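First chain A sits with chain B, and in the next complex the same chain sits with chain C.
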Partner chain A sequence: MSFIKTFVGAVALTAFAGGATAAERIEFMFPAPVQGKLSREMQRIVKEYNASQDTVEVIGVFTGSYDDTKIKAQAATEAGKPPAVVLMGANFAAELAMSDLIEPISAVAPEGTNLDAFLNEFWPAVRANAKFDGQLYSIPFQNSTPILYYNKEHFAEAGISKAPETWAEWIKAAKKLTKADGERWGLMMPSNYDYNGWLVQALAMSSGGSFYNTSYPGEIYYDHASTKAALKFWRDMAHTHKAMPTGVTDSKAVSTAFFSGKSSMIVLSTGALSFVRNNAKFDYDVAFIPRNVRNSVPIGGASLVSFKGTTPEQKAAAWDFMSYLVSKEVIGGWSRFTGYFSPRKTAYDLPVMQEFVKNNPDALTAVEQLKYAGPWIATYNTVAVRKAVEDEMQALLSDEKLTIDEAAARAQKNANEVLKPYVESTALRF
Partner chain B sequence: MKAEVAATEAAAAPVSTAKATLRPWPALAAALFAAVVFLWSAPILWMLLASTRPESFGSLDMARLLPDTIPTTDQFNYAIQDGDWIIWFLNSFILVTGTLIVQLVTISLAGYAFARMEFRGKEILFYVFLFQLMLAPPVLIVPNLTTLVHLGLYDTLIGVMAPYWGSAFGTFLMRQTFRSIPRDFEEAAVIDGASWRQILWLVLLPLARPGIIAFSIVSVVFHWNEYLWPLMVLNSPENMVLTVGLVSFALGAEGASDWGLIAAGTLLVVAPLAVAFVAFQRQFVNSFMSTGIK
Partner chain C sequence: MAPYLLLLPALIFLATFTYWPMAQVVFASAFEGRTIGSATTYVAFGNYLRLLDDEDFLGALWNTILFITWTVIPSMALGFLFALALRRSGWLSNIHRALLFFPTLLPLVAAASLFIFIFLPGVGLLDYYLAKIGVHGINWLGDPDLALWSIMLLTIWKNAGYYMLFFLAGLQSLPEDAEDAALIEGASWWQRQYFVVIPMLGPTFAFVSVIAIITAVVQVDHVIVMTKGGPNNATNLLLFYVYQQAHEFYDIGKATAATVVTLAFLLALSALSLRTMERRVHYES
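Here is the complex of A and B:
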C-alpha cells in the first residue's frame, strides 16, 4: 500500500515538474477542407508554428467532415477535454454560442485587446457570422462564396460571347449550351445536403431576399417571394428548360461533369478554385452568380472558435496560435494554397498576394464578388432548419408535379416546427 | 466491410444452393449466380480500374468497367505520399488484435458460465447482457469518453479498444456454441479428473473452433473498418488508424474529389483483409455455415 502511495506521489511529482517547464499543450481540431493535400499543408503550418516559439505546443488533430468535427469537439468538451482551437463551419458559431459551448473571443484574447479594430481588418461580408448577440465568438479563417464556373470553349462553340449577368441571360445560355439526350448539360449545381441550402440561399439573395432574419435566429423566410423565386429557377432549369439533370446531384458529380465536358456551366464554391485550376484541361473562367433582382451571395467557409472549459494558460496559448493562423502571411499563404479567399482584407496588401491575384484573375473575381456578399444562414438549430428547404428543393428536382407554392409552404411549416422551442422561449415569452 | 461481407456471401451462395438447384435448370442457375457475383463485385472491379488509370478524373470513361488505358501506379504513388501509411497500418493492426485477444478471453469465459454453470439470476443476467446489443453505439460516445478521460486513456489505442472488451454478441455466440457441444465429452473429462479450467481449455474450446473463427472475423472486420469511435478518442497523428487516415482522401467539402486517389487509398486499406480472406476462404465459409452467421 505504502509502495503504491509512493509510486503515485512520484508520478504526480514528475508530471508536475514536467508541466512547469514544458510548453503549454493545446489541441487544434480541423476538418478536411478539400483533399488530403490540404490536411498535410495544415499539419505543416502547425509544425512551423511549434518550431517558431517554445511556449506553446499545438497538436493538429484531423477530424473528418465539418459535422464530425462538431460532434468530436462537443463530445470532448462534455467529457472534460475541451479543444482550445477548432476550425468550425462559419455559421455554426452562433449556435455554439447560443448553447454556451464556446468562449467569446474577448475571454480568450488578453485583456485590453481592441477586438473591434481587429475585426475591421476583415472583409465586411464575413463579420456578421463571426458575431452573436453583439459579441465576437469566432475568427474567420477560410471563406468562400458560390461562383459560376464556365467552359469558354463551349461558349465559343455555342456563339455566346460573355458570361451571363442576369437570370434571363443565364437561362438562355443554359438552354443554348445543352445538347440532347444528356450528352451535355447547360448548367449543373450540387443539390446534396449543405451545398443545396447554400445555393438556395444564394439564389434567394440574388432575388432580393435575406433568407433568414439576420438579427433574430428564430425566423426564416421560406414561404416568401425571394425563396420561391430560387426554388422556381432551380426547378425550371431541370424540368422546364431541361438544361440540367433532374434528381439529386452530388457536388463531386458536378465537378467531375465539368472536367469531362459534360456540363458547360457549374456553380461551386470559390473554395474549389485551386482544384478546378489544377484539373480543368480546357479554357475556363469564373463569373459572379447572375442577378435576378440584384447581385448577392452568402459567404461560406470556416472560422476559428475556442471551446469552454479550458484553463487560462490554454486560453493564452489558443490566442497566440489563432493570431498566428490569421496573420497576414499565414492566412494569405493558406488562401493561395487552397483557393479560399482570405477573410483578412489586409492580406491582399502583401506583394506576394498582389502578384498571385494578377497571375490568377479567377481568384480576383472571387474577391470582387465579396462586395455583394452577405451572411450565411445561422439560426437556432441551423442544420435542421436548412434541411427543411433542402428536402423540398430535392423533391422539386425529382418530382415534376410538385408545385412551388406547395414546396415553399411545407418547408416553412417544417422549419417553424424546428424553431418553435426557441421562439417560445424568446420572442413569445413575456 | 460491406465489400467483405458481400464477397463472403457471393462465395457462400453457390456452395450452399448450387446442390439444390443443379438438376432442373443448371445453365440458368449458373447465369443467375454469375450475374449476382458480377453485381457484388462491380464496385471492386471499378476501384481496381480507377486506381490504375493515369488520370484521376476528367475522362468521360471514368465510370467504365472495361480497361481502356495502360495501367499505371501513379495513383498509388500519390496515395502513399499523401499519408503516414506505416503508422496507420500498425495502429489498425494493434487495434484489431488487441481488441480480439481480450475479447476471446472474456467471451469464452462468459459464454462458458452462461452455458454450463448454474447460479442465481443467470437467465436475467443473460438478458441484461443481451440488452447491450440494442443500444445504438453513438448514444454511448459521451459517457464512454468521460470514462476514458477519468482513466487517463483519452487519445490512446487502449481507449479505443476498452469499450469493446466485453462483447454481448460474442458471449451470446460462445454460449450457443458451447451448448451445441454434447455434454458427453465433458463428462468423460470429469471422470478423468479434469478441472473446469481444463475442460474449457482442452475440451470445449477446440470443439468451439468454428464459433471462435466466425466471431474473430466479424470482430476484426468491424474494428478494422470502424471510423466514428476512433475519430472521437484519438487526437495525436501517431495514434491515427487507417479509416480516419483514409477519410482525409475521401472527403471533398467543396465539391472536389480525386476518384483515382480515393480508389487507390481504399484498396490499400482493404488489401490486408482481402488477402486474408482469399487465403483462408474455405475455413471462413465453413465457420460461417456451421454457426449460421451471415
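Here is the complex of A and C:
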C-alpha cells in the first residue's frame, strides 16, 4: 500500500515539476571505450549539470564503443530523432559533416560567438580533426594519444635502465624482456578492430610518412613505405623477434596481461591511464611511443557534435550543455578521472590541475607527446577504409608466410574500392 | 471463405511484419544506394554481382555453412544424449537438467562477454587449466584458424541444454509399449534407441533441427561482442556481414542483396531439413 502511495506521489511530483519549469529536454549520447566506471562518472556529470540550472534537462544515453555510438546516432537521426549532443569519435566529424548530418558549431552557438578565439584555447594537435572544409564541426572533449606503458620491475630485472626511445632500442628491450613458453612477453599491442588501425597509423607516422591525405578525404597511403614499415615492425615483433604473441590480441587481453605481469611493455591509449594506475600492483611508468625516424603519433578520443534537424530551442540547450562540458573545471575533472588529456589547454592553468600533474607525472607524458601529435585518419567512409588495413595487419600477425608487399597492396586495393564512389563524385565526367 | 477469414488476423500481422518487409528488401536489392554522395540508381542484379566479387561475402557464406554444420549437429547430439541420460525423473536428474539448461537462461551477450575472459590467452580460465597439462598460450579468439571454432564452442555450450528440453518432452510422450515390446524381444539398449526411440522421435528431430538452423543463422551477438568478425574476417557470418555493410559502411545495396541471399539460404535449408526429416517421421494413427 505504502509503495503505491509513494509511487503515485512521485508521479504527481514529477508531473508538477515538469509543468512548473518546462526545461528543454535534449538527448546526449556518449561512448565509454575504456571501462564502465567512465559511464557512471559521465552520468554523474550530467546529473550535476541538470541540478545546476533549470532551463535544460539532459538525458544521458550510454552508447557503447566509438563505432557503435556513430551507428546509434545516425540511426536515431534517420528515425527522425536527431540527438542534440553526441560525444563522437574525433575522426568521424569530417565524414558526418560531408554527409550533411551534423551542424557546424557556428549554427549551434549563439550569433556573434568568436569561435576562432574559442578554438585557440585548445591544443593545436586536436584542431585539425575538429574542422572540415575550414568550418568548425566539433568541440574536442576527451583526447588521447597512444603511449607506452612499462613495468619498471621487469626493466630492472632485465637490466634495462630507461624506456626505449627508438625502434632499435624497442626491439632490443622487447627481446630481452621476453621469457620462453609465453610465460612473459616483451611487448603487447591491441590488434582488434579500431585500436589496430590507430596503432598502424601511429607506427606509420613514426616512420616519417603521412597515413592519409589530410586535405582530401578520398586518398589513403597504405602501400607507401611508411605504412609498410609499420606493418613490418608489428609483424616482426611477433614472428621474427618472438617478443609478442601471434594472432590478434584484444585490448582487454593487453591490459590484463600487463596487470598480471605477463607482458612487460604494452601500448594503449592515454585514456587507459587511470585504469592502469588503479590496477597495476607494481611500479610502472609511461613513455612516448619510440620513434623510427621521428616522434609522431595520431590523436584519438572524442569530440562533441550536434546532429542536424533539431529545433532552435534544442540547439540553444545543446550549446549550453556543451559549453558546460568543456568548461575548464569540468573538462579538467574529467581528464583527472579518466587519464585522457584535456584538449582545452587552459584547463591546465587551474591550481587543481597543476597540483594533480605534480603528483601524477605520468599524466604529463601524454601532454608532452602532444607536441608531436597529428590528426587521426578521417576519410570518406572511415571505418571501412580503416578495416582494409586492419584485416591485413591481422592476417600478417597470424600468417607468417604473407609478405608485407602483398598485404600492403591488398589493403590499398580494398581501400580504393571503398573510396571509389567519393573519388568519382569529385571528378569531372568527360 | 471461412478458413480465410479465420486466417485473416494472423495473416495481417505476417503480411505487415514479415511478407511486406521481405518484398521491400527484394525490391531494394535492385538499387545501388549509399548515404553519402551518389543517389540511388537502378542496377538490376548489380548488387548480387558485386557480392560475388567480394571475398569477405564469400568468406562469410562459407563461415556460416561451417558454423551451421558444426553447431547444429553437436548441440543436437549432445541435447539428445543429455535427454536420454536424464529421461527418468528423480532429484539427481532434476538437478542435472537444471544445470544443463542454465546456459540457455543467460543472455547471449552476457555469455559472450564471459567467454572473452575464459578464452584470454595466457591468463584466461581455459589456458589456466591447459597450462597444467603443458599446453601454453593458445590465442583462441585471435588466431584465424581457431576463432570460429571457439565461438562455436560457446554456441554449443549455450544451445545443447535448450535442445535437451525438446528431446525430453519428446521422450516423455513416447508410448512405453513399443520399447517394452523391444525389450521382451531381446533388443539391446543400443538397438532399442536406434530402431525404436530415434525413429519415433522423428517429429522432434525435424522441429529441433529447423529451430537450430534458424538460431545458428540469426544469432550475431557473440560475433559483435567477441571478435567483430575478425581476425581478418575469420568469424564474419552472413548476418554480421549484413549489419556491417548496412550500418558501418553504408552500402545499402550490398546489405539488402546479402539479406536476400541469407533469406533464400535459410528458406532452402529449412525446407530441406523438414523434407528429409519428414521421410523418417513416424506418425501415430
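The rule is simple: the second predicted complex is superposed on the first by the 404 of 430 C-alpha atoms of A that agree within 3 Å, B and C clash if a C-alpha of one lies under 4 Å from a C-alpha of the other, contacts with A are read in each partner's own complex, and residues count from 1 in each chain.
The rule is simple: a contact is a pair of C-beta atoms (placed from the backbone, for glycine too) under 8 Å apart; a residue touches a chain by one contact, two chains touch by 3 or more.
Small disclaimer: the values here were computed from a predicted structure and weren't measured.
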Exercise. Overlaying the two complexes on chain A, which is it for chain B and chain C: clash or fit?
Worked result: clash
For this session: Classify the contacts of A:75 with the two partner chains as first (chain B alone), second (chain C alone), both, or neither.
Result: both
For this session: Give one of first, second, both or neither to describe whether A:271 is in contact with chain B, with chain C, with both, or with none.
Result: first
For this session: Could you tell me if A:422 is touching chain B, chain C, both of them or neither one (first, second, both, neither)?
Result: second
Exercise. Counting only touches as set out at the top, which of chain B and chain C does A:361 meet: first, second, both, neither?
Worked result: neither
Exercise. So, does A:124 touch the first partner chain B, the second partner chain C, both, or neither?
Worked result: neither
For this session: Could you look at A:62 and tell me whether it touches chain B, chain C, both or neither (first, second, both, neither)?
Result: first
Exercise. Who does A:260 touch here: chain B (first), chain C (second), both, or neither?
Worked result: both
Problem set entry | Partner chain in contact with A:380 - chain B first, chain C second, else both or neither | second
For this session: Pick out the stretch of chain C that clashes with chain B after the overlay, from 76-84, 220-228 or 238-246.
Result: 76-84
Problem set entry | Interface residues of chain A shared between complexes with chain B and chain C | 71, 75, 252, 256, 260, 262
For this session: Could you pull out which chain A residues touch chain B in their complex?
Result: 27, 31-37, 39-40, 43, 59-66, 68, 71-72, 75-76, 78-81, 144, 190, 195, 251-252, 254-256, 259-262, 268-269, 271-272, 275, 279, 281
Exercise. Given the complex with chain C, which residues does chain A contribute to the contact?
Worked result: 67, 71, 74-75, 95, 98-99, 181-182, 191-193, 245-250, 252-253, 256-257, 260, 262, 380-381, 383-384, 390-392, 394-395, 397-399, 418, 421-422, 424-425
Problem set entry | In the complex, chain C residues that touch chain A | 34-38, 116-117, 120-123, 136-137, 139, 141-145, 147, 227-233, 247-250
For this session: State the interface residues of chain B toward chain A in the complex, per the touch definition above.
Result: 56-60, 62, 82-83, 141-142, 145-146, 148-149, 154, 227-228, 231-232, 235-237, 240, 244, 247-249, 251-259, 261
